[in-house]
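The same chain A turns up in both complexes below, where it pairs with chain B and then with chain C.
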Partner chain A sequence: MTTRLRLQELLGPILIVIAFSYVVGLQSAQGLLIVQSTLALFVMVLALHVFVGNSGVLSFGHGAFAMFGAFASGIVTTPSNIKENSLQLQNLYPFLVDLNLGMYPSLLLAIAAGALVAGLSGLLLMRLNGLAAGIATFALLGVAYNIFFYNNRIGPGSQALLALPPFQFLEEPVVLTVLVMLVVYLFGISRAGRTLRATREDPLAAPALGISITRVRWIAFTLSGAIAGLGGAMFAHVAGTVQVQDYYLPYTFMTLSMLIIGGSASLWGATVGTLLVTGIGQILLMMEQQKPILGIVVHIPNGTRAIVIALSLVVMLLWRSEGVTQGREFKIGMPKLRK
Partner chain B sequence: MTLLEVRDLRAGYGKVDVLFGVSLTASKGELIGIVGPNGAGKSTLFGAIVGTVGLRSGSVFLDGEDISGKRPEDIVRRGLSLVPEGRQIFSGLSVIENLTLGLTGRRDKHGEKGALDRVHDLFPVLTTHRDHQAGMLSGGQQQQLAIARALVADPRVLLLDEPSLGLSPTVVKDVFDRLIAIAQSGTAVVIVEQRAHLVTRLAEQTHVLRAGKVQATLTKEDAADEAKLTAAYFGNSGE
Partner chain C sequence: MIQAILDAVSLGGVYALAALGLGLVFGVMRLVNFAHAELITVASYTLVMTHQFPLVVSMVLSVVVASLMALLMELLAYRRLRGSNPATMLIVSFGVSVLLQKIYELVFGALPRSASVATGLTGTFTVGGVSITTASVVTIVLAVVILLAMGYLIERTKLGLQLRAAASDFQTARLLGVRSNRLIASAFVISGALAAVVAFVNVVGNPQVDPRFGLDITILALVGIVVGGMNSLRGSALGGFIVGAVLSLLNVILGNGRVYAYSWMFVIVIVILLVRPGGILSKFATKERV
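Right, the complex of A and B next:
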């Protein structure tokens, strides 16, 4: 019984993500783009869920890991001839000009980059709690942003890195996302995941059981950094371009909103939040652009989409702080037989 | 064989001193009581022993090893477990998940299954409610879970802070019967209790803590004398 319910918790969200991907992705080129970018954001939301959802410690710094992942993957997949001739890349370290990898090795590099940055920064940051932890992770985001914005030895600086190979098939981001969901789920049911949730529930009781809060948080932070690195790289390969601004405040706000609106404590919450915010966001975007929805054109001012998402976040925090799913995992109730 | 030795312990919070030179010992298989009125420093004493309250001076030895000032998680791994006041079980997790968390503090990772089997034997109700959410258990069952969670770490010394809190007399008797069994199995058990009579009739020695000092140490026979106990508990004037 327990095993079936647990499998349901994993398979339910996976099937819904696959269904969404194919139903929307096969409609049109625009639909495909929406699916691919949603999945890239979803991977980032999953990264946040691993750490924020399980530890209860807020992080504004995961955009930094996404940046490192995106630029690590972007630089090595940009063809050498473009790196040699591009004006914004003329100061790049020579070894980076010569280094070329395929997309999939570059995604592994992105995972490693995210994990490394998270692992190293986590050695210090994981000693902090509450507001201090949130502010410190925000500072980390600021540091990463300024590194990439002003340093044109490792990237294009404030300019965009162009000509990245985009995903060729819908299946590529779908498979990557499903793999990440599996990893996130396995972490959640592992001893480390349970221990981390215990520290969220009662940080005072945990040390009395021999639990090192710093250590379990560091494990989750590093894992979530690896996933965020992948999410950042996927986002880059959807658009075929990377710019440091893409991973800064709007990206952080959007992915945190998705997690909080859905419910940070569960895989199901991360899934629902991402799909819900994407769906509402797309409808509002069409209204902003005066595109017909079911044959009707409704015009709303530009920026309404961001305002609605922000207000949804406030409403959620006020009246349903555990999100739409209330922190529950996916579960289908078994129908009762009539006597 | 002395497993726990507390020597001249002074501790407090910020600038406020709470303990003023507390000393006590607990040997293998011994059940020790610590009683005293509210604010006597009982919970602070346990906090100082397990490393959650900073020491001003003094030492704590576990089986001869100085553990003073070590981190709580390191102290647990050396074989000293605390069942905190109010139980502090993880109510959102299942019974088995709570127990599994208790295994974190084990020194011997090979004996995990055996440890779980032993606590299931000692507290059969936990087997019945294995997959239930811990927060849904009754108060007595939660107390049993808290004790079991500490026991799976295979402690040489088990500290319990107010294990009778919020429990009915029948359940209290049941819990204390299990504690006697745990002590008889060779664990040194130290119990803090505000309701002195619960522990004085079971403990080989009962230390009466008042105003941060051990005011008296009573044997089981001494404690049976109501006048002696009252004098030690409230002071000679009986205030």
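Right, the complex of A and C next:
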């Protein structure tokens, strides 16, 4: 059962993401790479939105699901002869050496891996509330990182997998992203999604209406784990390499910041946050490299880019603490920004 | 064996100090201050850059610098966020943390700066045939002294009473006349000073200070305050101690498996949280309105 499907809330963000992808992606090879990695991050932000946005519980554990997705997909798409001959993969389990899948089956595997890990850990973790839940999910990330970093039977340990097939076309990540946006939006207006938001708004009243908080949170956690697995795998197939460090703290906080800056409670917020943070980063990069922006060359000294990015994140949140969209969905005839 | 226990106690003591600094700030404004790491880092840089001065002078300087920076964070960033939701505050504090890391990188460079600080503390001595590192003993003594001093401050002074009152119910404390700006500012200053103590102990043990120097200990201390119980300062310190001591013991117990020490510790953390969601020192499982 779903409630109120408003097409503009779904189509607005989708069209904007498609427009961004083609406008930037067709500029240059570098533009294509920017779009692909932005979309991979965006899928991760969407995964966080499904759980964090709808439940109001912070999760630092999604990096773990992305790790599982990325390595599941990475190991099976690395050709067997490379796995046999590379130094860092000598201790790999033999069945992993022989196993070979194409990119798309491997993405399904990544989704399954993310869902499985989230589903199992969620059975325990979803009993927790507030910061205890945040720290417990962080502990999950810590365990996953620790294991992937040192265990060279299931992956390359602290080394990188280097020979993954990268995305060939712009369309591949775009189609995947749009599908995920569709799923995320439909979940948001489904019974489970709306029930979950009820528990976010009032964790004491919702159980009084017969809602099991643990159960609805678990559903969202598992779904978002599946999406995070896909996001992690997509991130790996952008550059064709995967390394466990790529999915640890900077990745976790980058994607969480994108979500919170945009406004965690809506699909539109996740979209705006991702595009805004990416946009600021790219514009500053161009300034650092003295490239013209709209015909104007503004030069900033090397090394200041990272400072300005961090500073603008802080300032944006101080300016509007509920995120730029304040958690509202897309609406034509843009809404009044202040109440 | 004795050395292992001393190491565990001393690491536990350091983490307890870091956790107490975080717990103080959390108590007064529900802020998990991730940028506590950068207070530890700046105090460490101060110690390393002023190593040619007498030790006492450079220690005092590091306390002053860290406290000032804590105060600045409060004035420039966190003050505007009072009463916002904890997720937003956490992300802002993360932003502040990254911002400061990048500034350190620009000022001090990305590579570690090192200088021998307090060289007298790096040796070992023997008691009854057992060799013991001086650093572990000094750390324990320092941690105990500071914790006792903090205990006195919190339990016996007016400021401490206000801090405890604010930690248990900030709104009511304000209604009863506690001046919130001044109280929050003092919590930040104290947490800066505690960060400087943590920095001193860490720099003596490992004088390679880079922009991410304080990060690991802060993350684990954060885990500690949740495990111990965020709503009391005692709980925060206890949780920090447990995390530090368990990690240190696991490194000994696991032998060759010690690379997985973090995994085991995090598993223990999850189990503790499942059994006592409000932390070890919580009286009952309170439900936070998230």
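Here, the second predicted complex is superposed on the first by the 295 of 339 C-alpha atoms of A that agree within 3 Å, B and C clash if a C-alpha of one lies under 4 Å from a C-alpha of the other, contacts with A are read in each partner's own complex, and residues count from 1 in each chain.
Assume contacts are C-beta pairs under 8 Å (C-beta built on N, C-alpha and C of every residue); 3 or more make two chains touch, one makes a residue touch a chain.
Note that this is a predicted model, so its numbers are computed, not measured.
Enquirer: Check the residue A:194 against both partner chains and state whether it touches chain B (first), chain C (second), both, or neither.
Expert: The first partner, chain B, only.
Enquirer: Applying the document's definition of touch, where does A:204 land relative to chain B and chain C: first, second, both, or neither?
Expert: So A:204 meets both chain B and chain C here.
Enquirer: A:257 in the overlay: touching chain B, chain C, both, or neither? Say first, second, both or neither.
Expert: The answer is second: A:257 touches chain C but not chain B.
Enquirer: Contact-wise, after the overlay, does A:31 reach chain B, chain C, both or neither (first, second, both, neither)?
Expert: neither
Enquirer: When the two structures are laid over each other on chain A, which of chain B and chain C touches more residues of chain A?
Expert: Touching more of chain A: C.
Enquirer: Name the contact category of A:279: first (chain B only), second (chain C only), both, or neither.
Expert: Once the two structures are laid over each other on A, A:279 reaches no partner at all.
Enquirer: Using the superposition on chain A described above, determine whether A:12 touches chain B (first), chain C (second), both, or neither.
Expert: Neither: A:12 stays clear of chain B and chain C.
Enquirer: So in the superposed three-chain picture, is A:212 touching just chain B, just chain C, both, or none of them (first/second/both/neither)?
Expert: first
Enquirer: Under the contact definition given at the top, report the residues of chain A touching chain B in one complex and chain C in the other.
Expert: 202, 204
Enquirer: Which residues of chain A touch chain B once you look at their complex with the stated criterion?
Expert: 2, 191, 194-195, 197-198, 201-202, 204-212
Enquirer: Mind pulling up the chain B residues that touch chain A in the complex?
Expert: Within the complex, chain B touches chain A at residues 50-52, 71-73, 76-77, 81-82, 84, 88-93, 97, 100-102, 104-106, 131, 149-150, 153.
Enquirer: Mind listing the chain C positions that touch chain A in their complex?
Expert: Those in contact with chain A are residues 32, 77, 80-81, 84-88, 90-92, 94-96, 98-99, 102-103, 105-106, 219, 222-223, 226-227, 230, 259-260, 262-263, 266-267, 269-270, 273-274, 277-279, 287-290.
Enquirer: What residues on chain A touch chain C, complex-wise?
Expert: Listed in rising order, the residues of chain A that touch chain C are 52, 56-58, 124-125, 127-136, 138-140, 142-143, 146-147, 150, 200, 202-204, 253, 256-257, 260-261, 264, 303-304, 306-307, 310-311, 313-314, 317-318, 321-322.
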